[in-house]
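Okay, so chain A shows up in both of these, paired with chain B first and chain C after.
And then the complex of A and B:
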């Protein structure tokens, strides 16, 4: 690949940050030198990381580029909404980069033992859930925060971290070797695209693990993540060859749980009503979604201009509803660009999974890219009233430290898997 | 004034995102192209070109297959060139290079190997550029562009 061509995306990232910084300073009037320094730091970090990844042979060079782009757009939007949010978001982005490479190195170092640690993953997940339930703090009807050190202390959302453990658990279950002492068989299985058809035991243990996770999430009223986990699990059992009957059974169970909660939980009822007919109660139940739709409509095709929209009418605009703000200020054209970025990112993830030769790594790559792709779909679908709205973050753009760091770690694992792929190709 | 300026800058902002996506997709495209060439070595002397319409076949198949020095074609997992046509035998036929020419031989296949319409017997037959090879439901043209001269 020519040097000029491979450097072009980096150039666009820098250009975007420059234009973004100009926009922030002419519109908000809130000129923060710290914000400018951090925007510059993002550019520098992107250049360094991209160079390291592509020239040190750490596998796929596109992942980090796309993440940098998403993070830059997110940073600019956060700065535009509130300088303090933006500054913190950009700091998290830089910290996230460290997480990315840390997760990559940990995965590379531990890749031999990771497939055998299923009990550990489940144990850590359960411990985190328990800690959330005991020490947790309720916000917006969900008990999903742990606050360390007083009111202004560090608040973390353990369910964001559990996402990674959940994928690792499923991957370990579905690629577990029934016969541990026959190494020959192991090799033969590796040739097949997704391994042998799983036996009933594997499916059942996957279902059991998912049920435990969903149980805790529903206790915390984390419907967004619960939906995400279930969808990931469902695709997993489909890919790993569950029979049609078992798929139907799972779908029926999900519908059953949905129907029961619709009947007995006001929380869910409100959500569904707001989804089906938000304008019936536009100032009450449907407030969030109608404001989001107004904003998207207001933006039109090309948007009102960054800093010109009235984004403060949108509730939770910095986290769950950031996509509505993007659509208002950059238009549907800008919103579509963001969707395309997620599309390319998820495509790269699946590509890594397809190219991977190790069964466990393949499953992890598949699960992580699937989960993060679904996450973007769930929240973008939610704020555009395509599916019922469930609170979940938009990866790399929504405000939030836990989400940012763990999403970075997830992609760091993907990066590690792609690096391994290149390693094996060279050996052959 | 500020409003117009920020509008224009926003357009530029969005256009940059699209340019970025374009650049990335272009890079991926060139990457895949380079990889495909690398996979086949880029030096193969000959290849098989499929002449069936791919949409008439109910399985995945490539438009062409570059030939290495020794290829066993068939349905089985151990074949060097594995084609999922159910009318092929597990080990159907073999194409190999000897003394600068390519030869084809049938490996006792059930449905036979046909060269320009004639069924192959027990002996290997030399292939020349433009020969038509029919196995199972598949028809290939044997292409050797440069001729093999050592």
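And then the complex of A and C:
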């Protein structure tokens, strides 16, 4: 494929940004020059990054293109909702690009030692959880923010970063080498009690790590991320050799926790009630979801047009409910396009995992693409009332720096792994 | 490698998840969305309303019958005459939606400028001081004084009073009772009681109530007789007649002897008209009903019920006799009967009734103007001339004497319609005046009156016609 022909997707990104910016200006939204400059910067950065990835041999050239497309839609929607949001979102996007390549380079540089850093991942995760619980600030029922530097300071959401550590932990546990050295080491560490077979030991440590993560997340009432972590863990143990019985046991445990929290935790009851019958209390508990459904319904198949919808009626429209706003203004066909982009992104990630021959890298590629694919499904399904709503961000589109930067970093790691796929390293 | 196979299975699962979103959203959009978005909780429905000060609704003289006020930042619809116009203007509420003119002219009431004004002044006119733009005003054909007279004459009885200008179709009076207060606060407070009230105050009897026309239908039957050469048809009226084993009796058992069409009409002889119905046959009777729109829905500025002719082509003799006297499976609305009277008055040309004369933008530019429009000819002018004479005779010396006005020739026909309640006949009077230069046609109806049309309704019609002709 010639470079000129392979440039084609870039034209779509430029076209999307140009048309989006024009439509928003016409409908009286963002007319700030800063927004226009940043929109232009997105295009320029996309071109540069795509060219660099293609020519420098950094592996899969499509990952960044798809991300640029999603980020452009996100930027347009944020600008349309509020200029200030859009401007910040676009800045985060540019910063995220830096994170992307930084994460890629770090992964490439440290790939030999990363599989052996399980205690570090767990330690950092626990430290971040603890910090959130101690210094955290509650927002919308979840205690998941740390604010640095006073009220107007930097707010970060550590759970977004922990997503990456969680995948690294699971990957490291499941791909730990059962060679003599590590076996001895593990014995010495007391990591393999009761003389269990190696695989059983791995499964148990993975379950224990997941349980710790879920425990902290439930303390913070981060149900969305908890669900995401559990689903990721569940597929991990499925792929890495759990017996049918162990899978069933885990599923039963999840159902049990769900049932108990449904019975004893008011806000979970509220979520489920709002899901089953949102109109029972459409001005109260069901308000968010009904407003979201009205937006999607009014959008029809082709939407009311960018800037023409009444998206401000939807609560949290710039973060969790951004997909409803997209459906109102671009129709569910526009929504389908977004879902397709996530699907293609997930597919590319799985493809990288399948092609990868390094066990740890394969597990990381699998885990990251699985987790981010599940995340988009959980929030899209939630705001469309397909599944109960659990608050979580829509990658690259929802407003938020923590989510943007860490998701970029996650895909930067995938990019690094795709660059390594030819490199058949250590023993299988 | 085993794990690769399981990764592919996971990918297939992810594929299914994403694909299920497509199916779900398509299903949602096709089957759920339409119902859903019409929910009152959908604030988009009210968005436009909040941005425009809803136009006023005026009577023909410019009197305000409905207007919107801004109170604490939100709009409130005010109906100064309470229940009087609930069945004409209707209501405009968040809780219960809209009805009648508030519904059918909603777009005009929210329309802020005409096309020519947009071209002339641009889009942003009329929004100084952050005030709301005004919607257009409706100027109706209703005469408030007639409405008040109708209400006081009906004196709380259930029924309807409709008055039409025969030459144009302007509806100058459209009273229905019982009614209710359409102001939102009152409506919310009384909704439960009103919906359970057995008098059905929510039923706009004039436009949507369906009743047997009784003897007023003899106008159509007589027209059919005249058109089909039955001018000389005579009957020896002995007070009752047996047709196929069923007895048809005159009101009060009166005997009129050897009578023709004119006498039979004047006295509203059931013996005469039941025999005439049998003589005319199913096809002719059906055509007569069709000509006078008694088988159809009258197109109108607010919703109406379709009159019902529930017979096939094959009718038995007793059925023909029943229809001849306006009974049987034949139902119509008071509005429909007023249109019938107006058509006779207008030399046989039936005009489409209308309620809104014009719609005027806040700057006084007319954006809609009603044009009188004819449905067509119900009968040749010679026939309606003769009918006019019969109806004059009916008021001068027949069953409709209570409608007589000194110095004015009033034409009319009474009706007393049996219904499912024994001894509680519906009472009717339809007519017009002056006979030779008709200015107004009326239909007065009282539900389950128990009294005759001549006694209960003719005096009310008289008041309405007299007031209109004097005013």
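List of remarks:
In this text, the second predicted complex is superposed on the first by the 400 of 428 C-alpha atoms of A that agree within 3 Å, B and C clash if a C-alpha of one lies under 4 Å from a C-alpha of the other, contacts with A are read in each partner's own complex, and residues count from 1 in each chain.
Rule of thumb we're sticking to: a residue touches a chain if its C-beta (ideal position, glycine included) is under 8 Å from a C-beta of that chain, and two chains touch if they have at least 3 such contacts.
Given the structure is predicted, the values throughout are model-derived calculations rather than measurements.
Overlay on chain A: chain B and chain C fit together in the combined arrangement. When the two structures are aligned on the shared chain, A:302 is found in touch with chain B, with no touch to chain C.
Once the two complexes are overlaid on the shared chain, A:384 sits against chain C while remaining clear of chain B.
Look at A:354: by the touch rule set out above, it reaches chain C but stays clear of chain B. In the superposition on chain A, A:246 contacts neither chain B nor chain C. Contacts of A:234 after superposition on the shared chain: neither chain B nor chain C is touched. Legend: residue contacts after superposition of the two complexes on their common chain; A:342 is shown touching chain C, with no touch to chain B. In the overlay built on the shared chain, the residue A:279 is in contact with chain C alone; chain B does not reach it. After superposing the two complexes on chain A, the shortest C-alpha to C-alpha distance between chain B and chain C comes to 10 Å.
Applying the stated touch rule to the two superposed structures, the overlap between the chain B and chain C interfaces on chain A comprises residues 340. In the complex of the two chains, the chain A residues touching chain B come out as 1, 5-6, 8-9, 12-13, 15-16, 19-20, 22-23, 26-27, 61-62, 65-66, 69, 73, 76, 191, 302-308, 329-331, 333-334, 337-338, 340-341, 344, 348. Partner chain C is touched in their complex by these residues of chain A: 235, 238-241, 279, 282-283, 290-291, 293-294, 296-298, 300-301, 310, 313, 327, 332, 335-336, 339-340, 342-343, 346-347, 350, 353-354, 362, 366, 370, 373-374, 377, 380-381, 384, 386.
Put simply, chain B touches chain A in their complex at residues 2-3, 5-7, 9-14, 16-21, 23-28, 30-31, 34, 77. Only residues 2-4, 6-8, 10-11, 13-15, 17-18, 20-22, 24-26, 28-29, 32-34, 36-37, 39, 41-44, 47 of chain C touch chain A when the two sit together in their complex.
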